[in-house]
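Each of the two complexes below includes chain A, the first together with chain B, the second together with chain C.
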Partner chain A sequence: MTNSRLFVPLSCVLIFSVLVGIGFIIPQWAMFLATMALAKGLVALGIVILMRAGLVSFGQGLYFCIGAYVSGLMANWTGITDIVLLSILGVLVSVILAAICARLLSGYRGIFFAMLTLSLSMILYGALSKMSIIGGTDGLNVSAPTFLGYAPEGRALGFSLYFYTCLVSVIAGGLIRVYFNSERGLTTLAIRDNELRVEYLGSSVKSAISSGYIMAAAVGGLGGVIAGLAIGHVDPEYAYWTTSGEFVFVAILSGFFSIGAVFASSIVLEVVRSFSNLYFPNTWQLVLGVFLLIVILLLPNGLGSLFSKRRRKGGSE
Partner chain B sequence: MDLLAVILVDGLIYGAWLFIVSVGLTLTFGVLNILNMAHGGLYAIGAYTTATAVGIYFANGGDAFPLGSYAVMVFAALLVAVVLGPLLERGLLRHFYDRDHVVIVLVTYGIFLILEDVMKLIWGVTPLFVSEPYSLLGNVEMGPLFYVTYDFLVIGVAIVAGLAVWYVLNRTRQGKVVLAVIHDREMSRTMGVNVNKVFMVSFMAGVFLAALGGALTAPMISVSPGISVNVIILAFAVVIIGGLGSIEGAAIGALFVGIARAASVHMLPAAELFIIYLVMAAVLVFRPEGLFPKTEARKI
Partner chain C sequence: MNTAESSTADFVLQAKNLNKAFGAVIAANEVDVAVPRGAVWSLIGSNGAGKTTFVNMVTGYLRPDSGTILFNDKDITGLAPRNITRLGISRSFQIPQLCAELTALENMLVSLSSANEQASFFRPAHSTQSVANATEMLERFRIVDYRDRTMAELPAGVRKLLDIAMAITGEPQVLLLDEPTSGVAAEEKYPLMDLVMEALDGSNVTVMFVEHDMDIVARYSQRVLAFYDGQIIANDTPDNVMQDDSVRRYVTGGAVATPGGV
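Showing the complex of A and B:
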């Protein structure tokens, strides 16, 4: 199925056109929900990259927050509102920071990796909360983005943002699929099974994990830029551990086999949350918890395993 | 009284509290290999149950013998452990033992979310106050400062709890069986150890310690929704600093964090929010698996 070289680009174009087509039909609230779900899906995608190496980052909120703050601060300080430029800047800052952190983090495994990433993100949270010059815990407002000179308003703005989000999500998803199928991407799966063997066979586990982490940061920053612009407000909560926990939630929900499943899970989570917020305002956490337990119990390899019988059977380890 | 002494006393008090809320977590991890995120929820349930139980105690003539409220607190924690321990371990967690570490963390996160709302359903969202046990013992004067005697009671309980766990694990027959299970589940099973029972009892002990932490804290704070969230991360930090599954490690980690926080409150208040994470990151940089890591054989 994935043998053909054209498979990835073709399916990307197909998915993109379907998504945009849906954008013409759905109401504005659903479009906002979908934009947020895709943005968060991008961050969760980063966790999935690491999950393939058997690592879980409990601190992707760090890059989500940095992306969002870059877009907010740039818009406020320099007046740059172009979404493409902001995305590039957000990704760049995330990647630089990740390259520094990766040197430290690539030596850690399991729960220690999770806790160290978590503590990095909480340090940012604490620091931002105390910096009154950029709003402290209140955060700051982000002005509406422009799209290469085009400055829409109202529904057109929502749609443009949705269009852009679909575009970058599909491109990022396609690129990461290519990476997953590459030699280096497959090495990460081997690390999950047994990293000592990978070392003995001559690959560097550390560098594979570092590059995975940097990629995860890049999509995390990108998701943050979009989320910040879509909400129009950023605050330190973006880096709080419960935000990171949500991304892990999505990643576990989707499993690490299918990229489409990551975005699908993100949308499912967003929908479940919105509706249980609406219909069970006092017990939505209960609904979410039960939902999570049911998924883990019934779909050991995540929603992604629904899409492929082969993976459902033998893909656990 | 100079600054250093103040920091030490404050740090000791806070560290003792941290130890009580985190020792159960490290115990659960040590025996069952589960990093229990629901720990914070169990702590909060302990606090709520205590608030209710102590309230009932004083409403029904407890004033005649106010010290009895301390017994009520311990009883409340025991009640939580006996009811929720087997329910969660036998009813839910055991189905996930053969699954990935992270998946189990997510399962306990699910339990945590459920407990959050169950608490709201049972106790509502209005804060509960039971300050009687807190003021019961009066104050202690230390130089120019007054400390509430209850705070020193917390230190006492921390020491007793730590020694008790250590004694049971290392000096009793049952404790040695638990250590054997930690070392090798399968081998213990072939030697006739009822591993399921060891798991259940250890988990109950973990729940009891979490609830006891909540019970001790209830008189000091207003018991309201949301108290559980911070406790999880604090306890995680302490346990990670100490080395997962190590009781001594948890004690030293708690002291570390307690003193660091006290120092930051007195000298650098802006850092108070994240000093714990800073300490955790710093410790992990130099000791990648905490201060007292479990040794594990490399599997090729």
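Showing the complex of A and C:
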């Protein structure tokens, strides 16, 4: 536990400064890799929110895809390229859809919840694949973003996108840390342990799960907007189940104790995948699988348990 | 039953003609009872007699097949447990329902935040005030030494007390305790009940506890409801209930008094 109200904002400022500082020294390919890792880390953070309530979503690709398509379609149809506006729209659409889906999903637990989330994302995948008006399986290209009127190009564009991604990731991470430390956050951990007791204490488990799912969708949509703009192309694969599986991979790798561990795990995944792809082009999935196996065996509560006092036993974070 | 002639205003809880069946098993058969405010009653009966079914119906876990449950004259039949808790009826469990991965302090913090109108997304669960309140509750039940331990590390008696402490954080008007002394060492039963009654002293909470130990029943309850086969077969003071032939035959297992003293 950290009693100081300043701990979270100060940590955010420190982490943001370090990340931006790193941006000045790393090459452009690494900056792109870091941008994508942070964007995907945001989506995985959504899964971690749900994991704290004992649920795993295998369908966060749904909101990743929604965010990416919102940025692509808005840029192509309306000419809006401002990243802040696109982020707000991506999050808004994701939240509205999640609020509708949450009514269905909050009544399910375990594998049923996981499979329903998966099926929702696959419905979107199927629908987008058949919609030739927006590119079908080929998807569509996305214009380069602008930043409150600033329209950089080349390395400046990559750095601006990296800077923006660091900023929103740190803000989202900080807000979610506040939520994890809050009364609601603790109640969510209690739901994971004993749903019946929480109901008998007067709290609504469905409401807690719904709000967690909506928060997960918000960060998922935000990650999708950034990824779509960073790659410059969106296609239905964003909603495909293997994409969702990557986010689950990151969430399991990180565990649900530390928010920093989620982004660190996402970076680890991107790095391992990039280098495995380079040196073991046909067996890189095998390398990833072995890596995850080692983590599960040695750190069953994920990388985050290295930085958390809670770990397996109780205690404050 | 003596409910019909009494003014309903005196009763905090009333069950009227409750029926509940699980297939061929009748768990509640025309259960009819009115509980005055501030009373301490016990529920006795052999396993399967319908005590816990009664508790489960009152607290919303089970919906009766027919009949009504009134709380302060408001019909609460079939409401969800959380809504009934919010109205002022709390319960503890035969097997303590704690959050296993959380510490005793955190379990109390969860119950304190749930007792608020709406748990906050921003207010820290571990705020100085909340921790002080939770610690005070643990002190009241004399389990503060265990505040940083998780459920697996707690003795059975401490689990029971924590379960009950969590149930009373919302300042309920009615508290239902399902076998508060079961699984507790014989020498700890009286101290446990003393602690519970001491914690509730002066609060005017109506207490109904399910109990198998007749010494506990006689010592702590003002009135006893004896259940058998889903029915209430006796509703009287502990002394009178213990002397009741039906109770002796079906519940306590003592010798039945026969005419002529044979």
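Keep in mind that, in the parts below, the second predicted complex is superposed on the first by the 307 of 317 C-alpha atoms of A that agree within 3 Å, B and C clash if a C-alpha of one lies under 4 Å from a C-alpha of the other, contacts with A are read in each partner's own complex, and residues count from 1 in each chain.
The rule is short, and it goes like this: contacts are C-beta pairs under 8 Å (C-beta built on N, C-alpha and C of every residue); 3 or more make two chains touch, one makes a residue touch a chain.
All values reported here derive from a predicted model rather than from experimental measurement.
With chain A as the common reference for superposition, the partners chain B and chain C occupy compatible, non-clashing space. Touch criterion not met for A:96: it reaches neither chain B nor chain C.
In the superposed model, A:194 makes contact with both chain B and chain C.
Taking the Cα centre of chain A as vertex, the centres of chain B and chain C in the superposed model span 80°, given to the nearest 10.
Set side by side, chain B and chain C differ in how many residues of chain A they touch, and the one touching more is B.
In the superposition on chain A, A:110 makes contact with chain B only, while chain C stays out of contact range. Put simply, the nearest alpha carbons of chain B and chain C end up 5 Å apart when the two models share chain A. Shared contact residues of chain A with chain B and chain C: 194, 196-197, 200.
On chain C, the positions that touch chain A within their shared complex are 59, 80-82, 85-86, 90-91, 97-103, 106-107, 109-111, 113-116, 119-128, 130, 148-150, 166-167, 169-170.
Note for the complex: chain A touches chain B at residues 51, 56, 104, 107-108, 110-112, 114-116, 118-120, 122-123, 125-127, 129-130, 194, 196-197, 200, 241-242, 245, 248-249, 252, 282-286, 288-290, 292-293, 296-297, 300.
Residues 35, 92, 95-96, 99, 101-103, 105-107, 109-114, 116-118, 120-121, 229, 233, 236-237, 240, 244, 270-271, 273-274, 277-278, 280-281, 284-285, 288-290, 298-300 of chain B are the ones that touch chain A when the two sit in their complex.
Contact residues of chain A toward chain C in the complex are 1, 3, 178-179, 181-187, 189-190, 192-194, 196-204, 211, 313-316.
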